[in-house]
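Following this line, the structures themselves.
Same chain, two partners: chain A is paired with chain B first, then with chain C.
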Partner chain A sequence: MKFPSLFGQRKYRPAKGRKPAATAPLSSGEEASDALEENLGRIRELFGDASDLNVRRLRIRSTGEEAAVVYLEGLTDKNAINNNVLKPLLGETDSEGVLSVTIGRVGWLTKWSDIVPAILKGKSVLFVEGRAEARVLGTEGWPQRSIEDPQLEASLKGAHQGFVETIEQNVALIRRYLPHRQLKFANLTVGRRGDTRVSIVYLADVANPEILKELEDRISQLDVDVIINTGELAELIEDNPYSPFPQLLVTERPDAAVSQIVQGRFVVLVDRSPGVLVAPAPFTSFFQSIDDYSTRWSIATFIRLLRFMAFFVSIGLPAFYIAVTSFNFELIPIKLLLAIGEYRGSVPFSPFVEAIFMELTLEMIREAGVRLPAPVGQTVGIVGGIVIGQAIVQAGLISNLMVIVVAFTAIASFILPNFDMVAAVRLIRFSLMIAAAMFGIFGIMIGMMVLIGHLIALESLGTPFASSFAPIRFSDWKDTFIRAPLWKMGRRPEGSRAVQSDRQGPTRPEGDGR
Partner chain B sequence: MKKYAFNEITTIQYISLINGMTVSFGFIEIPADLHKKAGTGGLISLLLGTLVTMAASLIVVQIMRRFPNGTILDMLTRRVGKWAGRLAAVVIAAYFLFYGYIGIVYSTRVIKARVLQETPAYITLFLLLIPTYVVARNGFRVLGRYAELSIWLSLWIPFVFLLVWRHTNWNYLFPLLERGWLPILKAVPDTFFYFLGFFATTLFYPFLQKKEKASFAILTANGLTMLSYLFITILSFIFFSPEEMKEVNQPSIYMLKTIELRFIEQVEGLFIVMYMLIFSMSWIPPFLLSSFCAAWLFGRADHRLFLRVLMIGIVLFSCFYVPGLNTTYALSDKLTKVGTVLEYALPVPLLLFFMLQARISRKRSRRRRL
Partner chain C sequence: MRRTAFKLALSLIAAVCLAGCYDKVDMEDVSFSLVVGIDANEENGIRTFTTIPVFSKNAKKKTQELKVEARTLRESRDKFDAFSIGSFNGRKAQVIVFSKRLVQQVPDWFRYVDVFFRDGRNPITPKLVMFDGDLEQLFRYQSPDQPMLPLMLIGMIESASSRSESVKTTLQELHRQMYDPGQTPYLAEMSIEQDAKMKGTALLDRKGKYAATLSLRETTYLRMLQMTSGPAVNLTLPLPSSLTKAPPDKSWISLVTERVRTRIKPSYSGGRFRFDVRIRISASVIEKLSHIDLDKLQKQVEAACAREIRGKFEELIDKFQASAVDPVGFGIYARAYEYAAFRGVKDDWGKAFSEADIRVKVLVSFADEGSVK
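Then we have the complex of A and B:
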């Protein structure tokens, strides 16, 4: 079967032992004929017995031509077909002999290799007796959800509109924030079977064209069946897929995406997925939340610093516990050491086993909480409270301090605003625990050095992932470790390599007193 | 001709690289060493040593300015001959291998003595090689970032040392010239050991983003090195009495034993572990430079193969033998000698040679014009 746009250039080979598909091979250049019956026969042949295929025959009132409208039931807007296609055709409006319908997006197609995908994507096609061209009508209308608050990234003061699964809607959400002619879109299609629409959004006079080219190159080189979700695209185009760290940011928030666009970055929209990709995404951008900009800057700065601290606590606290209780007793004050010894006296396991057991339990509770439906979800909390709580201590299985350590790490990891980064933190935590169990505090340090070495070598779309601290860029610190007052952020971050870096003037009104 | 594009080192990174390489374990060793050789007058030796070092590093930069787009190896090949370049590659590769090896063995020994007493030394050494490979395989650009980050992450060190401030006595410092000027002058060449490493400029130079700032940067790096040495030396001298100074081994670490914090019982163990970032600067850059020279020698752009060979070599060798601390001191004496010749003495005739060559060729071209 030769059908380039749908099946690529692969040769068609019928599966063994099964009857070949009912469709006859379709050559790339095959065109629609001018005989209506022939066309409809071909359609039936190509679609087989698709239950949602609808062929509506009619006679155009004004010209008297025989015609047929072909569309897939569920993917089209019934209202549009009834009122804007069938009604004009059957009515008396067509005085000039042109097939006039009241649909915005229309076109003429002649090749079957164009017509079939059009139908598959929700357009309706009008065949007319005596014409070799088919009229394609943009009547798409598939099931979609309304715009809601993004679930994964809740926000207190930010907008309550999240991206949805339709790319047109998402484009509209972005345009609402930036009605500017320099907001440009680069449209690509990915997937042999899926034909997923992917759209790169950027400010043409701000964003760096080299990065755009790199991004376009990477996406257009993809050769996959279908892209179901943005996460898949991220994994396919990332610089280093073997790293635990996400190198591209996925967000469901239009306001966050737009804020990244004006910083000179690129946003990649993927049709059928509510998440959009932000690229390039440096390490520090995973610690920013859109609320930071709408709360008072001093509070936002405090929270930013808290997040970085939480990152280190979440990575290293269990490892540190293991190190001081099984290796480096000399590090902690003798009083505390004695207290730990008292608690640990009744515990039959080594600190490492204890810690691994508790951390794994915590991970399970978290994972269970994510997938369970809400009514059952409450049970997780109750049952989890027994495992991470007083009961397990009383049973003499785990020491008091370990429970505190686990609870502490859990809370610390909840502070981090990005889900992918939290996942990375969890993985690193376990490797550091193993290092600590083997070599104590020195093992942790080796682990941290490897982590640093890895972090500074990572790139996000060819820009340094660790940007703003290695290589050091003090001017970017205004919006990374701290959040400077908005009117001080006059320049776009250097890390995004924007070609036009002047963002705003020092335009804070000073009042009449000065 | 930009042979080494993509691998750019910023000025801050360059300063951090040179500063980190020179300071590293000198910070631990220099007070006792100076005191042994020149008493408290060692401070003056240190200042004089810095001046000589600054002059020597300026000479190195002057040499490199004559051929800004290549390393010293490319330069020697071009101006002197193919074999001069190859010889230099072998010598420099061997020198930095030796340099880095002493660094990693010294760190291993310190850790073995103070943190991981029961773990065999070779295992500690293997562990240190893991981050080394992770950083060094990515070339100079990542090395620069690593150096920068190590320095920034170590800025807490002076503040920890200030905690011993109340135990100090300035009278210990005097008289400065207890034994006269002669031992002070004699100790100057011994301070060179603690400044070795600036010669790496000859290989870093083509990668520098702003070459016009190289002189300024290397003076800053030397200055920072001097400041950190001066800080720890003065602190040790006023913390320990002259008699104690003779007894104490590694005074910088010993000093920390007096610190009592509410939340940490023993500061010095934690200090050594955290100091690993600076320690690592004494072997990660040299190993990378060494494998870079080897790759150059064989005409390859990718240094990773040689880095792996070097690492595997060290691992195999260490399985059988890891030098003890005293052997390391003996080795570092040798390194001082080799380094003084290579880094301080050799650049002078080299610069003169290049100046002469330039003058002759200029004269020749003028004569031709006439």
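Then we have the complex of A and C:
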């Protein structure tokens, strides 16, 4: 669906025929010379006065050649350079004529357009007098965070390792779960200046090649400066960016990502970002949590149902309150009506104003809590809970029942396991409140119909977003409203369009050798 | 671009102008008429009463009672509006009280509630009561140990009806009874003696005019005939002294019904309807004053109880026939099984019913004789 901008032509247009501006005065074919001084001079010219550029001149002990190692200070591993590059070069070696260094990843480069990016990405380059090619040494080593429990998706029983900002580490975390030769990686680079590495991970014999092609296609068409975070990539490649619903799932959990891979889906790793993208992601996958699979299935089913109920409560409860107190009193039982009337009687605002005010306050408290450091964050809870909650009722500004409604919606939205889905719910809640304030229950019904119509029309990477409800796929229902026992889920979900759907055998051992 | 903006503006205007906004009124700005009382006045009009809850913390009394004279119910609403704080409406009416005078003296009084059916916003589920006395007395009745009038009336009707001691006729149900030729209407009746109390059931004739009153006790038998009695109806019956070997005042036995099944078989011969009523009661003994051995004499005691109960049913049916009313709906059976005969007397079923031959058979069986010997 195309949606017009209200303020004239400000649509984002993909660059057609626009030439990327040159990053440095570098012609593509220019090659390194065989004179050491000339090469070092060119380096200084290209990097200007970069403070972290280090040029170490030396004479190779075994051959007596003049040489220089060039690297960026912060992006390289000092240990590797000192022990594995400089030490062998300066010390005695047996082999004659070969630049022997004890580094795993090495190569020869001749073009400046290859040498410069290599230095910028943390490799060190060895120039030798009399050679027109440069030795590139894999000495990368930048500041890194250790692997921690993912903050946004805490889990009680799942693994306590979350993805980090380095793609190699993330690949390793996935490989640990799936040491299988069919686990394949499609590597792409995105960004004019950022050169962000993006890696699509999938099971080659399971995942659908059409979806892979579509995904590769969308990512390779991107023309941006740099991708800072996975969320940016998601927004750039998702099917309908004007929808409030997220159509691609972002997770920081390797176990969750792997569970999606074995269901036949694709996981997109983005270098420098701890979140990975799961595609295609149907609506119901936003209600699944990795804990569902490690708790007993009956309990997991109960919690699933609770989440779907919470979704509707969180979307519609304030709107329902407005509708029944402003339009459809007939729906309220008499005793409740008298009780509400008692509260409402002393409140000076209409239910709509009251509800909007309280919901906005709730959103503000929530945002405040997210951005503040932990010790100050507690104060927000106290201010929110006591001052806004109790004092506002005592002052007679807001009715008791409204505070209960707001608290209930807030708690209902906390149950949903996915942050992006909660954000969508929060937004939709307000539009339903406006619909309810204008047309009562009738307005809520119209709103819900529009919402469900929109959900059905949405696609995630070309597959139906509302999959397993529209189109109806009964076999997928084993893992939507309910979580069926694991041994009953013998096939991969149809919604992922896997080409090989046999997941596991049908039986489970019952003990006593049976 | 321009066209989409135009479409957007158009749909926005359409949404804003949509009908629906006009009836928005916040709850606290409404004066809900919870109980509606209708009485006849001296000038061939009606005197209407109502109770409105007052939504204010400062008000000492939580309800406001109003009384106006009007020609129709709708007209009285406009008059009430002048007295009430918020906009007055009957969308939440819970109970409608008719005075006995209205039901007894005003012909075709049912037309007065026409507005409840014709105006779709009005409920058709209010419970109905006939009040034996001056309505003024009921609406001014404010007992400090009772909840407000609407809650008190709802509570009394609900509990009496759930114990099968009275009936819970809603407006919709009364409408059906009024227009069903095979049945005559009935509704709960109450009065104020020292306190407000349920009196039983008021029976109306075909035209809706008051015909007779059933006591609370008699109503339970009516409900059993209708098969609408809930479980656990209490019956306290005397046993013959010859059986109990005790004086009559010590010969009582109390039963509580487990299951009551009533079968009515209509037939027509010789210009007269005949109904064979067979009632099977499965009951538990929960009390007996004599030392009679129930294990040995179970069959005899069951038969004695059945005789006693049958007497009650026959008395009740005699009462119906005497006033030519049929609240049980024998006519519905007649219409179903003997339509040709029923069609002839359709317009005066009450008379045909009063001449019918009704034979009652009662079977009692004890399901349980209690925890002690």
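Everything that follows uses one rule, which is that the second predicted complex is superposed on the first by the 484 of 514 C-alpha atoms of A that agree within 3 Å, B and C clash if a C-alpha of one lies under 4 Å from a C-alpha of the other, contacts with A are read in each partner's own complex, and residues count from 1 in each chain.
Going forward, contacts are C-beta pairs under 8 Å (C-beta built on N, C-alpha and C of every residue); 3 or more make two chains touch, one makes a residue touch a chain.
Model, not experiment: these values are computed from the prediction.
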Which superposed partner A:350 touches (first chain B, second chain C, both, neither): second
Which of chain B and chain C A:181 touches, first, second, both or neither: neither
Partner chain(s) touched by A:371 [first = chain B, second = chain C, both, neither]: neither
Touched partner set for A:340, first chain B, second chain C, both or neither: second
Partner chain in contact with A:442 - chain B first, chain C second, else both or neither: both
Which superposed partner A:326 touches (first chain B, second chain C, both, neither): second
Contacts of A:464 with chain B and chain C, given as first, second, both or neither: first
Overlap of chain C and chain B interfaces on chain A (superposed complexes): 330, 334, 337, 439-440, 442-443
Partner chain C, residues of chain A touching it in the complex: 2, 4, 6, 9, 325-327, 329-330, 334-335, 337-338, 340-342, 344-347, 350-351, 437-440, 442-443
In the complex with chain A, residue positions of chain B that touch it: 10, 12-13, 111, 115-116, 119, 124, 127-128, 130-131, 134-135, 138, 142, 144-146, 148-149, 152, 262-266, 269-270, 273-274, 276-277, 280
For the chain A and chain B complex, residues of the former touching the latter: 328, 330-334, 337, 439-446, 449-450, 452-454, 456-457, 464, 466, 469-472
Residues of chain C that touch chain A when the two form their complex: 1, 4-5, 8, 15, 18, 20-21, 23-28, 30, 32, 34, 53-57, 91-92, 94, 123, 148, 150-151, 154
